[in-house]
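Dropping the structures in below, format is C-alpha cells.
Next, two complexes with subunit A in common: one pairs it with subunit B, the other with subunit C.
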Partner chain A sequence: MEALATFYETYQSTIAYVGLNALLALSVYTTLSCGQLALGGAGFAAIGAYASALLTLRAGWPFPAVLLAAVVLPALVAVPLGLPVLRLRGVFLAIATIAFGEVVRLGIVNWDYVSGAEGLVGIPQKTGVWMIYLALALALFVLGRLRGSRWGLALEAIREDEPAARTMGIPVARYKLAMLVAGAALAGLAGALEAHFTFMVAPSGFGFEKVVHMLVFAVVGGSLVHWGPVLGAALLTLLPEILREVAPRVGLEPGPLRQLVNGVVLLLVILFLPRGLASLPLRGRARRARWVES
Partner chain B sequence: MNPGPPGRSSGEAAAESNGAVLRLEDVHRSFGGVRAVAGATFAVAAGEVHGLIGPNGAGKTTLLNLVSGFLAPGAGRILLGARDAGGLPPHEVAALGVSRTFQNIRLFPDLSARDNVVVGQHLRRRASFAARLLFLPGARNEERAAQEEAERLLARVGLEDRARAHARHLSYGEQRRVEIARALASAPRLLLLDEPTAGMNPVEVEAVARLIRQVAAAGTSVLLVEHNVRLVMEVCDRLTVLHFGKVIADGAPAAVARDPAVIAAYLGDAA
Partner chain C sequence: MSIQQLVNGLFVGSMYAVFALGYTLVFGVLDILNLAHAAVFMAASFVALTLVEALGLSILAALPIAMVAAGLLGLVLERIAFRPLRARADSNIAGLISSLAMATILGAIAHELWGPNVTRFPFDTLPNATERLGGIVSRMQLTVIAVALVLVLALTWLVQRTRLGRELRAVAESPRAAQVVGVNVDRAIAASFFISSALGGAAGILYGLAYDVHVEMGRSVELKGLAVIIVGGMGSMPGAVIAGIALGVIETLVVAQLGGSFRDVVSFAGLFLILVLRPHGLLGAAATREA
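Moving on, here comes the complex of A and B:
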C-alpha cells in the first residue's frame, strides 16, 4: 500500500497527462469518426485553457462554472467555424482548421491582456487527477453508447460513403458539425483541466505540434473504435517516461531517442496496423470468424 | 404508330387518376454546353414499374440524379406528389419517400450487410439519443426491430446467410442485392434503380425481376434505368425513351419497341 502511494506521488503528473492526452485524442476522434480530418483541436484547447484561466484569475468564478465555460465557449466557436469549413474535403479541411488553430495562437501571442507570448502564470491548481479521469470516463461512455446506434451508424455511413449516406436521408452537414462541436468541447475541457493542473498557460503549448500529437494518438491507437485513441494516448505518453529511465543506461540522451522511438512507433503502426492498435483484438475476432465459417 | 410521342396523353390521364408519385415537367439540365436533359416530361404512377431507357449518354443517370437531389434542374419542375422537389438536397428528397441505388454500387464497405440495411432505416427511427444513452427499453426495442427488419429485407433479396459479412467481402451480384435491400429499408414511395442487374448472371437477373414486381405490387413505384432489354420488356408497365436528353417515346413496352423513332435512336437512322 505504501509502495503504491509513493508510486502515485512520483508519477501523478504522468498519470494526469495520460488522461489529458486521451481527452485530446478523443477530440480528434469525434470528427474522424465521420471521416473528417479536422485539426483545429489545439485552437479549441487554447480557447478552453485561456477562458478558464481568465475566469479563475480575473473573475474568481467557482471551478465547476469555469469548466462549464471551457466546454461551452469552444463549442460555440466551432459552429461559425464549421459551417463554412466543413464544406471542404480531406486535406483542404485539414489545412483550413490548422489555419484556425494558428489564428487563435497568434491572436493570443499578440494580446497584451493575457501577457502575450509569456502566457498566464499563477493559476491555482484546482484540477484533481480524478476529475480528468471522470471526464474521460464520461466521454468514453457517451461515445460508447453512440457506437452502433442510429446516430453512430449514420456517422460510419458518412465516413464510408457520403453520397450514399445522403440518399438514406442522413443530414450529413448537421452530423459533421455536431461532431466538430463535440470535439471542440472535449479539447476545451482538456485545455482547462491542464491549465489548472500545471499552474500556467502559454501560447507555445498550442501550436501545430500539439495538434499533430493529438492526431498521432488517434492514428496509433486506431480511430475505428472509441477506445483506440485512448490507447494511443496512453502508449505515447508513457513511452517517453519509460525511455527517460532506459536511455541513460544504454548511454543515450533521452530527448532525441524519444523523437526517434515515437517516429518508429508511428511508422510501424502505419505500415503494419493501418487501423491502429485497437484493430489487434478485432483482427483476432475476424480470423476466428473466418475459421468458423470455413 | 401515332405521330408524336405515342401514348403520352393516355399516360398522363392514368398518372392523374392514380395520383402520380413523380412528375417531371419540362426539366432541363446542362453541363457547360452539353444539354444532358433537355425538356423531359413524363410521370410515374403509383405502384407502377416505369422503365427509363435510351442509348448511352441519353441522360438517364443525369435524370436520376435530378430526381434524387444530387443535381438541381436548370429549368422545369420535379414534382413528388404535390411538392416541387427540384433543387432540394438528397436527404430532404429521401424524407419525401424517394430511395435509390447507384450505377456503380455505393455500399458502406466496412459495415456488415445487415448494418448497411439498418442505415437504410435511418428516417423511420424515432427513439432519442437520450433514451439510448440511458439504456431505456424504447431505444433497445427499436434497435432490435431495426435489425430484424434488416434481416427480413436481406432474406427478401436472398442474402439471409450473408447478413454478418462485411459489404466489401460480398460478390458483385450480392452487393447489388444488398443495395436494393438498403434502398427498400426506408419504405420508399418511389424507388430509383440505376442498372440494378449490371454484371449479374441470368439467375440473379430473374430474381431481381421478381423482386421488382413484388415491390411494385406492394405499392412502391419503381423507376428503372436498365440496359437489359429482356428485363425491361418483362417487368415494366410503361417505358420512357430518352435520346439526347429528350423524351422520344413514352408508353406501353410493346408499343414503344415498335416505335420507329426508338428504333432509329438505337440502330441509327436508316434513311
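Moving on, here comes the complex of A and C:
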C-alpha cells in the first residue's frame, strides 16, 4: 500500500497529464466523429485556460463556477466560428480552424492585461487529479451513450457520406455545429484544469504544436469509438516517460527520440491502421466472425 | 513608405512567394496539403550550410546542389507518405496527417544530425556591401530578390511551355483523364513533388542566408505559407507569388507602424477572413471547397 502511495507521489503529474490529454483528444474526436477535421482545439483550450485563470486571480470566483465558465465561454465562441467555417470542406476547414487558433494565440500575446507572451503565473493549484478523471469519465459516459442512439447514427451517416445523409433529411449543419461546440467545451475545460494544476498559463502552450498533439492522440488511438482517443492519449503521454529511460542506452537525446517515435507511430498508424489502435480488437472480431462463417 | 521599407518587404515577400509556390504546386496537382514542406525548407538550409562550411563550396554551387537534395527528399516523401494513401477515400485528410508525421520525423533527424543550436552562414558567404537606393539596401537583400525572381520565371516557363508542365496541368485537371490520354500519372506526381520540394528548399536556403539556420526555422513559414496559398487561391501560382509578396510588404509596414508583435496577426486574421468571405481565394477558380 505504501509502495502504491510512493508510486502515486512520483507519477502524480504524469497521471494528471494522461487525463488532461485524453480530454483534449476527445475534443478533436467530437468533430472527427462526424468526419470533420477541425483544428481549433488549442484556441478553445487557451480561451478556457485564460478565462479560468482571470476569474480565479482577478475576480476570486469559486472553483466550480470558474470551471463552468471555462466550459461555457469556449462553447459560446464556437457558435459564431462554426456557422461560417463549417461550410468549408476537408482540408479547408482544417486550415480555417488553425487560423482561428493562431488568431487567439496572437491576440493573447498582444494583450497586456494578461501580460502578453509571459503569461499569467501564480494561479493557485485547485485541480485535483480526481477532478480530471471525473470530467473524463463524464465525457466518456456521454459520448458512449451517443453510440447507437439516433444522434450517434446521424453522426456516423454524416461521416460516411455527407450528401447522402443530407438527402435522408439529417440536419447536417446542426449536428456538425453541435459537435464543434461540444469539442470546444471539452478543450476549454481541459485548459482550465491544466491552468489550475500547473500554476501558470502562457500563450506558447497553445500554438500549432499543441493542436497537432491533440490530433495525433485522436488519430493514433482511433476515432471510430469514443475510447480510442483516450487510449491514444494515454499511450503517447506515457511513451516519453519510458523513452526517457531508454534514450541514453541507444545513444540519443530524449527530445529527438521522443519526436522520432511519435512521428513513426503516427506514420505507421495512418498507413496501416487508418482507424487507429482501437480498431485492432474490432479487426480481430471481424476476422473470427469470417472464420466462423466459413 | 520609403524605398528601404519597400525593398525590405519585397525581400521578405519573395521568400514567402518561393516557399508558397512549392506548397501550392502540390496542392494544385493533388489537392493535398504537404505539411512536411516546412521540414524540407529547414533540411535544405542545413544541407547548403554544410556544403558551404564543410566543403568550402561557394553559395552559387551549394544552392543548386541543396535544391536537388531537397527535391530528392520530396520524392522520398511522396513515396512513403502520399502514394500509399492515394486510393483512399479520405486521402486528403490522411495525407495531411501522414505529412505531419514525416515533418516530425525529419525534425527529429535534423535535430540529431545538426543539433539544436542556432547557426549562421559564414559572414562572407554573400558580399555584404550595401547600395544606396534612396535608403540603405544590402546586396544580400537584392540577391535574395533576384534568385526568387529567377525561380518564379523558371517555374512559369516549366509549367506553361514544357511537356512536363502540360502533363502536370492535365493531372491537376483530372488524374484519370490524364491517364487515358497517355500521361504517366505516377511520374507526373513524383515530378511535382520534386519541383515543389526543390522550391521549398530554395526558400529555406534564402531564409538561412538572410537570417539564421536552426531546427525550428520551418515554424516561421509553415502556417504563413498556408495563409499565402489560400489567399492567393488554391493551386494558383500567380496568386501564390502575388499573395506572398503582398504579405511581405504588408508585414513590413505593420512592423513599422504598429510594432513587431502585431506582424503575424495580419497573416492569420487575413487568412481567416478570406476563408470565411471568399473561400476560393483572390485568384483561385471557384473550386468546390464548400460542401
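Quick notes on this one:
Assume the second predicted complex is superposed on the first by the 291 of 294 C-alpha atoms of A that agree within 3 Å, B and C clash if a C-alpha of one lies under 4 Å from a C-alpha of the other, contacts with A are read in each partner's own complex, and residues count from 1 in each chain.
The rule is simple: a contact is a pair of C-beta atoms (placed from the backbone, for glycine too) under 8 Å apart; a residue touches a chain by one contact, two chains touch by 3 or more.
Please read these numbers as outputs of a predicted model, since none were measured by experiment.
Model built by superposing both complexes on subunit A: subunit B and subunit C fit together without a clash.
Contacts of A:169 after superposition: subunit B is touched, whereas subunit C is not reached. After overlaying the two complexes on the shared chain, residue contacts for A:122 are found with neither subunit B nor subunit C. With both structures placed on the common chain, the touch criterion links A:80 to neither subunit B nor subunit C. Legend: residue contacts after superposition of the two complexes on their common chain; A:60 is shown touching neither subunit B nor subunit C. Greater residue coverage of subunit A by touch, when subunit B is weighed against subunit C, goes to C.
With chain A fitted onto itself, subunit B and subunit C come no nearer than 11 Å, counting C-alpha atoms only. Touching of subunit A by both subunit B and subunit C, each in its own complex, is seen for residues 163. Every residue of subunit B that touches subunit A in the complex is listed here, in rising order: 68-70, 89-91, 94-95, 99-100, 102, 106-111, 115, 118-120, 122-123, 125, 127, 129, 132-133, 139, 143, 146, 164, 182-183, 186. Interface residues of subunit C facing subunit A in the complex, by the touch rule stated above, are 31-33, 80-81, 84-85, 88, 90, 92-94, 96-98, 100-105, 107-109, 111-112, 116, 219, 222-223, 226-227, 230, 261-262, 264-265, 268-269, 271-272, 275-276, 279, 288-291. Contact residues of subunit A toward subunit C in the complex are 35, 37, 84-85, 87-92, 94-96, 98-100, 102-103, 106-107, 109-110, 116-117, 162-163, 208, 212, 215-216, 219, 252-253, 255-257, 259-260, 262-264, 266-267, 270-271, 274.
By the touch criterion given at the top, residues 142, 145-146, 149-151, 153-154, 156-157, 160-161, 163-172, 224, 289 of subunit A touch subunit B in their complex.
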